[in-house]
């Protein structure tokens, strides 16, 4: 567990994100599904919904949008326009992030992209996580009639064996 | 743990209920809240909703209505009429139930109803559970400016001390 | 509320569906997302997931697949192949369903499909529900830069005014 | 999508709210239901619960209370008094809100209140959302034996046609 | 996808399980956590809880117990004794199951158990799934100060390389 | 309800906590279960997960860790190391807390610990909540073959009668 607090602090990346939240009890779930692409396409970093229990036994939805500070206005516009919400709450959060890079691995299926998450630079660079790109693996899985998890496993092995 | 399987079989009550289920992804939560009283008023035994994740990232709702067999038609009518569902699934279930009786307890607040759940008859009668009626306690709690749980505790003590 | 129980019984449609269920605590959510299309493409009627709390504080997933009786085998194959489940539960359910038909409505946007849910035939035909097709409305909403709900409302008005 | 960022900034309303949160794993759901009215009656803006998975496989509840800054003390008092929580977290959030006004519409049912959400003033006033008041519609729906959604639709049409 | 429906039918295993369900709105989550071990220790196959929204805005819990037919009585006894429920619903379900066997793999950490799920016998035996036993991997992960997922990956590699 | 705002402010305790949050859509629930003890053992005050609906119909998990400010680094290390997350959001929250003390009560079962939550000091000390320690009661319940809730009730009575 002890990787050296000093090292970690030198290596960690930090950015600032905005968290937009609104709880809604009078909107069809279809609209929430519709919102995902709309918000991600204008630059939201992440969008998710949660089930909340509201007054009068209403099974409402809490919508959360994580976005860069310069996307607050365009994201709020979309949410006000598409939903029935009367208010959107906003808070700034510091975020510790890993460095990410996309690498291409040559596999029996052809080229597959792999996302590598790391901390630190140069000598101090530590790989924390390696994950094959979902869309690439899903396409291969469907094409070769093979389980998604098996596909991901094979791609990972190709990455580590190169 | 061993209360004698024989005794328990002699003592247990069984009835049959219908479970109606439908998952909906295009209806406002307000309508689900509205449905509770409608269904309970026509004789449904219980109504509840659950959050389900449906295709296209829709945070849908699974509605469940537990009703006696002779209430299936009237409950289905209400659900088809008030919601956007195109189909309602139905299954019969056996249900082990405890005997229930409502007793009135005299307390410092006046009379309060208490529900007693038991198994068995006469000599073999075992009290499993005693619970003060919610509405009576809520009214007292609000009136006397006292926590709901404290109110319930006092009523229970009055019951056991009588 | 009283539409005549007799009329309703003459008018209601009933079919039989299978409900496949399995709760899984050791699988990535990405695989569940991947499963939706796979199962719907082989003829499943509906697929959804629910959050369940399992032993050892594991936030597991309950997968439900609703399918016609003749699709049980192919759906189970997919679930066994793609997920880590060791067992899939199965039950038959009767289902009350509304008649559905797709109609095309001419609107200011061009042709849009509308789904009409009804009960009964001929003279006894009662329209229960009218809902514009989601994909048609989503495409229009994106193209004309207009809220999804506004688009659906305009299409519905066009339908009722024709 | 482009309504002019300038216009929007001139038109948007902002206020500050407090978000109180506490996660509880040893309290009956009945108490949470009881809390809604208590908190809304003392001026909380919104109250909702969420299901959370806590240690030792406990299906706990996260309670959230949104309130004005000057209601923090009275809301915390209620939560400490009625629940088993040992700590309540607190954060301030900026909130973008729409202007709201209640208008009365004359309909075939009599007068019905409608809530109008808008942005901007005078010439720049844009109506974002119109929603019939729930309690008015629910009362009409029950009285005239008519679906809630149909009732809401008729009221909306009356509003737009006046 | 086509593995031959004939082969699959010859190879699939089927058993019968009971599903016990009860929805409860007046019990502390601590008791549900307590129930897991109690029920699993008397032979329940699986136990899980789900969040349900019940009347009066109560965030209730739906408890599900999957058990063999000969364990119904003892499981119901425990649930009636430990919880406030007044009724437990019951249904029988057919279950398609994979064959499971536990094998021991020799790894750099010592012996680790691995669960192999398969279909078919002899020549027709197909391995569907291999999963290292959780408790073995968790113990190793804590002892060697290594991520759980890395530990599971190493054990799997040892299995496939033997 | 009116206990005097002045009194309350003199009596309330306040501390500062950090809330770490991350939403993950590609990790097995087993790892989340594994994380609870790891994080609680290094000093996290609380850990919980929530079900969230993410893009592409993925039933993801939102992990929340409440920790003291001086535990941020070690908690983040654990989460980065054990999970697939690429970013952890962080916010500081003020927390109103009750005073807690553990007292030992002598009961028919032997000594049992009870947690007392209070506000205020000396003359102004008000007991808000008394709750028997879960582990003590669970051990007794299993040993004496008695419902957990009955055990807790008996311990509470012993406390109030001493």
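Just a few scattered comments:
Order as written gives the chain letters A, B, C, D, E and F; numbering starts at 1 within each chain.
The definition used in the following text is that contacts are C-beta pairs under 8 Å (C-beta built on N, C-alpha and C of every residue); 3 or more make two chains touch, one makes a residue touch a chain.
Computed from a predicted model, the values in this text were never measured in an experiment.
Contact with both chain A and chain B is made by C, D, E, F.
Contact with chain B and chain C alike is made by A, D, E, F.
More inter-chain C-beta contacts link the pair D-E than the other of E-F and D-E.
Set against the Cα centre of chain E, the chain with the most distant centre is D.
Comparing contact pairs by residue number, the interface of A-B is reproduced by C-F among C-F, B-F or B-C, since over half of the pairs coincide.
In whole angstrom, the spacing between the mean C-alpha positions of chain D and chain F is 28.
Looking at chain F, one finds that residues 1, 26, 28, 30, 32, 36, 49-51, 53-57, 59-60, 81, 91, 134 touch two or more other chains. The touch graph of the protein chains shown is complete.
Chain A makes touch with chain B in their complex at residues 25-30, 32-33, 36, 49, 51, 54, 56-61.
Touching chain E in their complex are the following residues of chain F: 28, 30-31, 34, 38, 81-82, 134, 138, 141-142, 147-149.
On the side of chain D, the complex with chain C involves touching residues 1, 51, 53-57, 59, 145.
Against chain E, the residues of chain C that register as touching in their complex are 21, 23, 26, 42, 50-56, 60, 62, 73-74, 76-78, 80-81, 84, 86-91. Interface residues of chain A, counted against chain F in their complex, comprise 1, 3, 5, 8-9, 12, 17, 19, 32, 36, 40, 46-51, 64, 66, 91, 93-98, 100, 117, 119, 128-129, 131, 134.
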